[in-house]
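So, here's a batch of structures to check.
Look at the two complexes coming up: subunit A is in both, with subunit B in one and subunit C in the other.
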Partner chain A sequence: MENMLQKMMNRFPLFIGMGFMIVVISLVIGVINATNAVDYYAVEKVARETLQEWANVRADVESTSIWLPYFKFFGLARILAGITTALGVIATKLMQMGKELIAYVPEQARLSVPDRPKSVMWMRMFMMMGMLIILAGFIVALITAGTAADLFSNPIAVIDTTTPGSELLDQLASVHAAESWLEAFKFVGVAFLFIGIVNGLTSIIFALQYQKKAMPQVVGNLPAADTSIELRPAPAVGSVM
Partner chain B sequence: MEKMQNTMMKHYKMFAAIGLLIVVIAFVVSLQASDANSTFFSATKEAREGSDSTLIAANVTRNVIQQWVPAFKFVGLGLMLGAITMALGLIAMALRDMGIGLMSGWPKELNQGPPDKPRAAKMFPLLMIMGWMLLLAGLVVALASNGNVSAYWNNSIALVLNPAGPGSIELLQLGFIQGIKPWLGALRFAGMGMIFTAITVALTVIIRTLQAQKKILRGFIKARSFPRLGEG
Partner chain C sequence: MAKSLPKLERETTGLKVFPLFTILGWALVGFSILISVAVLSPTGSAYFGSNAKVVRDAAVIGDSLLADLTVISSWPKVLAPLTFLGVASFMVGIALGFAAIPAILDRRIDVLKKALPLMAGK
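Up next is the complex of A and B:
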C-alpha cells in the first residue's frame, strides 16, 4: 500500500498534465455551448419558446451548463492534487536526505530521526477526500444534466403552462434545487484540497525545523579532533514517508 | 510589526481550519437555498408570480442567499490561501534560520553574516492582508445589499414587480441589485488575485533564500579549498 502510494506520488506531473487537459477540453466544450446559445438567442422569442427544434437546442445548452463546471473543477482538482503530491515528494526527499546525511556522521554524533509526521497522513486523506467530493458532485451534476435535458427539450411555453404536480414541475424543481447546492459543494472539495496542500507544507516545515534543530547538535557532538571526516557511501535508506 | 506578522504566520493551521469551516457553513446555507428553490419551482409559473406568501418567502430566501453566500465562501477560500502563503513564509524563515545556524559555526573570517531580508519578504504579508481586506469588503457590501434584495423580492412578480413604472422604488432597487453584481464578482477575484500574488512572492522569497545560500556556500567552499590546493 505504502509503495503504491509512493509510486503514485512520484507521478505528480501526470496528474497536473491530465488536469490541464480536462480544463482545455472544458474550454472547447464551453465555446461550442456558447455558439449554441448564440444561435438560440438570435431567434425571436416566440419561435424559441414554442418550436421543438429550438427546445432541443436549449436542452443542450442548459444541460451542458450544469455538468461542464464540474468537469472543469474535476480538472482543477487534479492539478491541485498534483501540487499536493509534489509537496509530499519534497517533504519525502528532505527526510530521506536527512537520514542519508545522518548516516555519514560518526555514530557518537548521530541523532535519532523522528517518525513521519501525522501531517503526511492528513495530506493524503484530505487530497483524496477533496477528489472524491468533486467526483461525487460531477456524478450528481451528470444526473441533473440528464434531467435538465429531458425538461428543456419541451418548449418553454409547455413548461410555463404545466399543471401543479406534473412531472415537468418536479423536474424543474429538482434541477434548480440541485443547482444551488452543487455550486457550493464543489468549493467544499476545493477547500479539502487546500487543506491537503496546507498539510503538505506542514510536513516540509516539520522536516526543515528538525534539520535546523539537529544540525548544530550534530556539529556539537562531533569529536573535536576529527576535522577530516572521511566520506563513505551511506547505507541504503528506505523511503520514510 | 514584523514580530506580530511572525506570530500570526505560526498560526497558519488555525486560519486554514477557519477557512474550511466557512466554506462548509456556506455549503450548509446553500442547502437552505436548495430547499427554497425546490419549494418555489414546484409551483406553476402563474402561482410563482402571484401573491402566495409561502412562494414569495421562498423567492426572497433563494435570492438573498445567492447574494451573500458567494462572498462568504470566497472569504473562507481566501483564508485558506492565506494559510498557504503563511506556511510558505514559515518555510522561508526556517531556511534562513538554518543558514544562520550553520554559518554561526564557521570561522569569523569566512562568516559575512546573514544577507539582508529580501524586500519581497516584507511585501507578501501585505499583499495577503490586502487580498483579505478586498474579500471582506465584498462580503460587507453583499450583506449590506441584502436589505434591498429582500425588499425587492418580497413582492408579487406579476402584480407589483413587472408592472413597476419608471422611477418607482422597485425599479430603483432592481437597478441597484443588478448594478452591484458584476463589480462584486470582480472584487472577489481581485482579492483572490492579490492572495495568489502573495503566494508567488512568498515562493520568490524561498527561491532567493536558496540562491543566496548556494552563493554563500560556494564562497565558503572556495575559500576553504584554495589554500589546500596551494599546499598540494
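Up next is the complex of A and C:
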C-alpha cells in the first residue's frame, strides 16, 4: 500500500500537467460560451424571450455557466494536489536521507530515527478529501446544468407565466437552490487542499528540525577524521546544498 | 548535435522555466483586471445608469444599447476562465520550483556521506 502510494506521489508532474490542461480547456469552452451569449443578447428582448430558437441558445449559455466553474476548479484542484504530492515527495526524501546517513555512519555515532510524523497521513487525507469534495460538487453541477438546460429551453415568456405546482417552477427552484450552495462548496474543497499543503510543509519542517538537532550529535560522535577520503569536485552547475 | 545536460541540470530545468509561468500568470490576471476596469465597468455603468428599463428592453438590432449588453454579458464569461488560467499558471510555477528539490536532495546525500567523515573531530 505504501509502495503504491509512493509510486503515485512520484507522478505529481502528471497531476499538475493534467490540471493545467483542464484549465486551458475551460478557457476555450468559456470563449465558446461567450460567443453564444453575444449571439443571444444581440437580438431584441422581445425576440429572445419568445422565440424557441433563442431559448435553446439561452439553455446552452445558462447550463454551461453552471458546470464550467466546477470544471475549472477541478483543474485547479489537480494542480493543488500535484503541489501537495510534490511536498510529500520532498518530505519523504528528507526522511529517507536522514535514515541513509544514520545507517552510513559507524555504530557509535548513530542516533534513533523518529517515526514518520502524523502530518504525512493528514496531508494525504486532506488532499483526497479536497479532491472528493470538488468531484462531488462537479457531479452535482453537471446534474443541475442538465436541469437548467431543460428549464431554459422554454422561452422566458413561458417560464414567467408558469404557475406553482408546475414542473418548470420546480426546476427553477432546484436550479437556484443548487447554485446557492454549489458556489461556496467548491471553496470548501480548496480549503481542504490548502490544509493538505500546510501538513506537507509541516512534515518538511519536522524532518529539517530533526536533522538540525541530529547532525551536530552525529558529527560529534564520529571517530577521528579520515583524511584519506577525497571529495569529488563540486559540479559546475548550480548549488547542491 | 545537441549537447546532453548532466543529470542534475536536466532535473532542475524547472527552476529556469518557472519564471515564465509567473509572468504568464501576471499577464493573464493583469489583462483581466484591465478589461474589467477599462471596458466592463464603464459599459455597465452607462448601460444601466443612463437608460430606464423600458428603454433598455425596447432596444432593437443595431442599437448601441444591445451592443453594450453583449459586451456586459459576454466578457465576464471569457475573463473568469482567463483569470483562473492566470492563477493556475502561478501554481504551476510554484510546483515547478518544488519539483526541482527532490533531485537536489538526492545529490546532497552523496556529498554529505563523503563530507561527514571529514567533519569528525572538528
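Keep this in mind: the second predicted complex is superposed on the first by the 222 of 241 C-alpha atoms of A that agree within 3 Å, B and C clash if a C-alpha of one lies under 4 Å from a C-alpha of the other, contacts with A are read in each partner's own complex, and residues count from 1 in each chain.
In this text, a residue touches a chain if its C-beta (ideal position, glycine included) is under 8 Å from a C-beta of that chain, and two chains touch if they have at least 3 such contacts.
Treat the numbers as computed from the prediction; the structure is a model and nothing was measured.
In the superposed pair of complexes, A:198 makes contact with subunit B only, with no contact to subunit C.
In the superposition on chain A, contact of A:75 is made with subunit C only, not with subunit B.
Set side by side, subunit B and subunit C differ in how many residues of subunit A they touch, and the one touching more is C. Of the two partner chains, subunit B and subunit C are each touched by A:219. After overlaying the two complexes on the shared chain, residue contacts for A:35 are found with subunit C alone; subunit B is out of touch. Contacts of A:127 after superposition: neither subunit B nor subunit C is touched. Residues 219 of subunit A lie in contact with subunit B in one complex and with subunit C in the other.
Contact residues on subunit A toward subunit C in their complex (touch as defined above): 12-13, 16, 19-20, 23-24, 26-27, 29-31, 33-35, 37-38, 40-45, 65, 68-69, 72, 75-76, 79-80, 82-83, 86-87, 89-90, 93-94, 97, 100-101, 104-105, 218-219, 222-227, 229, 231-232, 234-235, 237-238, 240-241.
Per the touch definition, subunit B reaches subunit A in the complex via residues 12-13, 16, 19-20, 23-24, 26-27, 29-31, 33-35, 37-45, 47, 62, 65-66, 69, 73, 76-77, 80-81, 83-84, 87-88, 90-91, 94-95, 97-98, 101-102, 104-105. Residue ranges of subunit C in contact with subunit A, taken from their complex: 6, 8-9, 12, 15, 56-61, 66-67, 69-70, 73-75, 77-78, 80-82, 84-85, 87-89, 91-92, 94-95, 98-99, 101-102, 104-109, 111-122.
Against subunit B, in their complex, subunit A makes its touches with residues 159-164, 169-170, 172-181, 183-185, 187-188, 190-192, 194-195, 197-198, 201-202, 204-205, 208-209, 211-212, 215-216, 219.
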